[in-house]
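Shared chain: chain A. Partners: chain B in the first complex, chain C in the second.
Up next is the complex of A and B:
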């Protein structure tokens, strides 16, 4: 049976918009001003959740890649690809919002001797090679296998890197996650709602991307069928996008 | 409604930190807008493809299939 990737997308989208609206209301009308940083601290309600979701997404991408290597089902490769792709976009948001905060707080857009910043940049640059790696391999089967191995290795690197930075002695970067218990209740609630809202945004965009890719695969399969060559595998040019079959099942050189 | 909200808005320090806070939230908004625009472009491409398929002639009977020209396509990244 053909899976319905778009099932529940509408509900998820409405929930995401509602949670984002609630988060914005809480950030600007409910959460009190922080004593040291004042109004500038409100950046953290978007910057920190973006960072947490981006890093979690990289790890989830690795877990999905493990599932792909175990089952050889191209759907897991597609999920891993979409999650990593979305995490990369969230990582860009993290870097930009972090730089804006640094400029407002420290007077510099970037500080090279700050371990958290630099380690996040390293992770970002590592994952920035994921797409070129996929694009460099033309054979879809090899591409998906190599990409999964990369996703697993890099995904394991993310928590190790996080722990290493935490264990380092230079605690210059504000520790929002580690000190949530010390936050006043209103701030902790606002932070939690922002985190949930951005996690929902991440899930919605991933689902949207998966639905779009699956629909495209179905349209291509339909085009081939109409043209009378549905027995042949889809011919595709070089692409970083994984190959999935129109029926959603395991594919080897199917519709891309 | 808008007047009520505006009445509740605290005095935002828009001349100092407010600029940075506004910039950070605008960045997130712009990222989402760009993403939705890209999805919109893909959707219009799908619509075009479906439109082309609707214009294709009906599939010939089974025995005539071999005479059909092979269809090739390349996938953009």
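Up next is the complex of A and C:
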């Protein structure tokens, strides 16, 4: 029996689309207009969930990397890689939406005295070196080990950095919508639904990438078996992507 | 363990004394950077935030310069292999390298801080010295730990000269924040400010967290 990496992907995708649609409906038709910022405040339902998910993703990437160093199973490295990769994309989204929000409400594209935004930029800059680091190490085993060390260090850096930057700003901007506790009920509900919808989107995209990577490895292994081991190289040049061990795939399982 | 660390440390310092590869370069870099700042800012003396910023940017870059060279000899000339063959705890290498880096930083600051006071600082440094030394000490520990960890990560990569600073700078930003904010009240002439305790506390927390992380992770960088 070949392992099926895409199992449940369709259900997850449908669920994600449904939740995203529900979130959009709630954002535009149910949640009330905020008194001060008006329509602009709606970006809050995208920006804050994106930021929360990206940060959680970075920390989760670190936890998966711990698992990788413990078990030496390359699948954990693959998961860690995919989660960090996806978090990086969500982080770009956070920075862009945050910038738009800052322009709309404070009149500047970038504000240095908003500690959350600044912390986020630092974390983004740190994680932007994750791929170059992987790419610069040729040996796949060493690459995965070093990448995990980086992921754990950076994962611990995320909360440390927030403490440092928050301390450094003498005053905080009055954040009307800083936490969900002081939100009116309808806004809190909308926020929660968007958070869940975007978290589902994150999960779906991660699963999709994992499935694609595994399928590609499987196809490669099958091709190698068809053409003989010497015909196709196991790996095309250098790559930042983790290598999935062929022994885990169906080719070495002897099923066929 | 203590004997291993002692032997390794002696070797590091001996190598540095004989080759003079890192520390003179770091110190010279720091002094040159002060001159660059003088012309770039077009100021003959600086105070407060600006002074703290210049001092910390200079120290940080000089430290990154030194950290980049920390493992080069071990990687190129078989130091890692020799160490891995020896039946000793691998943490000894982390501790000895961190202590080496600390020694480099102390020498660097012995040159750079007086040079800074002489060339650029517009405020008297005398009475602020104890607070400044405490801040420098806490920052040095953090820089040494992160510098060692990042240097060990970067030395095995192809683009090590580029990757080391790229990894180290964001990781060291909390140290810069803490160091600069803690020392800026010390560089004000007239009324002498004092360092706020919360900065020293955050620096100590940073040192502790990353010290533990480096301790836990360093072994994985040495396996080969």
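Rule of thumb we're sticking to: the second predicted complex is superposed on the first by the 219 of 256 C-alpha atoms of A that agree within 3 Å, B and C clash if a C-alpha of one lies under 4 Å from a C-alpha of the other, contacts with A are read in each partner's own complex, and residues count from 1 in each chain.
To be clear about the criterion, contacts are C-beta pairs under 8 Å (C-beta built on N, C-alpha and C of every residue); 3 or more make two chains touch, one makes a residue touch a chain.
Bear in mind that the values here come from a model prediction, so they are computed numbers and not experimental data.
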Label the relationship between chain B and chain C on chain A in the superposed model as either fit or clash. fit
On the A-aligned overlay, A:18 touches which partner chain: chain B = first, chain C = second, or both, or neither? neither
Answer with first, second, both or neither: which of chain B and chain C does A:39 touch in the superposed model? first
Chain C, chain A and chain B - angle at the middle CA centre, rounded to the nearest 10 degrees: 130
Does chain B (first) or chain C (second) touch A:156, or do both, or does neither? second
Of chain C and chain B, partner touching more chain A residues: B
After superposition on the shared chain, which partner residues are touched by A:142: those of chain B (first), chain C (second), both, or neither? second
Could you tell me how near the closest CA atoms of chain B and chain C get once both structures are overlaid on the shared chain, in Å? 16
If we count contacts the way the header does, which residues on chain A are in touch with chain B in the complex? 24, 28-29, 37-40, 42-43, 46-47, 50, 89, 92-93, 96-97, 100-101, 103-104, 135, 201, 205, 208-209, 212, 215-216, 219-220, 222-229, 232, 234-241, 256
The chain C residues in contact with chain A across the complex are 149, 153-154, 156-160, 163, 166-167, 169-171, 173-174, 177-178, 181, 198-199, 202, 205-206, 209-210, 213, 217, 220-221, 223-224
Under the definition above, what is the set of chain A residues touching chain C in their complex? 69, 122-123, 125-126, 129, 132-133, 136-138, 142, 145-146, 148-150, 152-154, 156-157, 160-161, 163-165, 167-168
Can you tell me which positions in chain B touch chain A when the two form their complex? 8-10, 12-13, 16-21, 23-25, 27-28, 31-32, 35, 39, 42-43, 46, 49-50, 52-53, 56, 59-60, 65, 68, 70-77
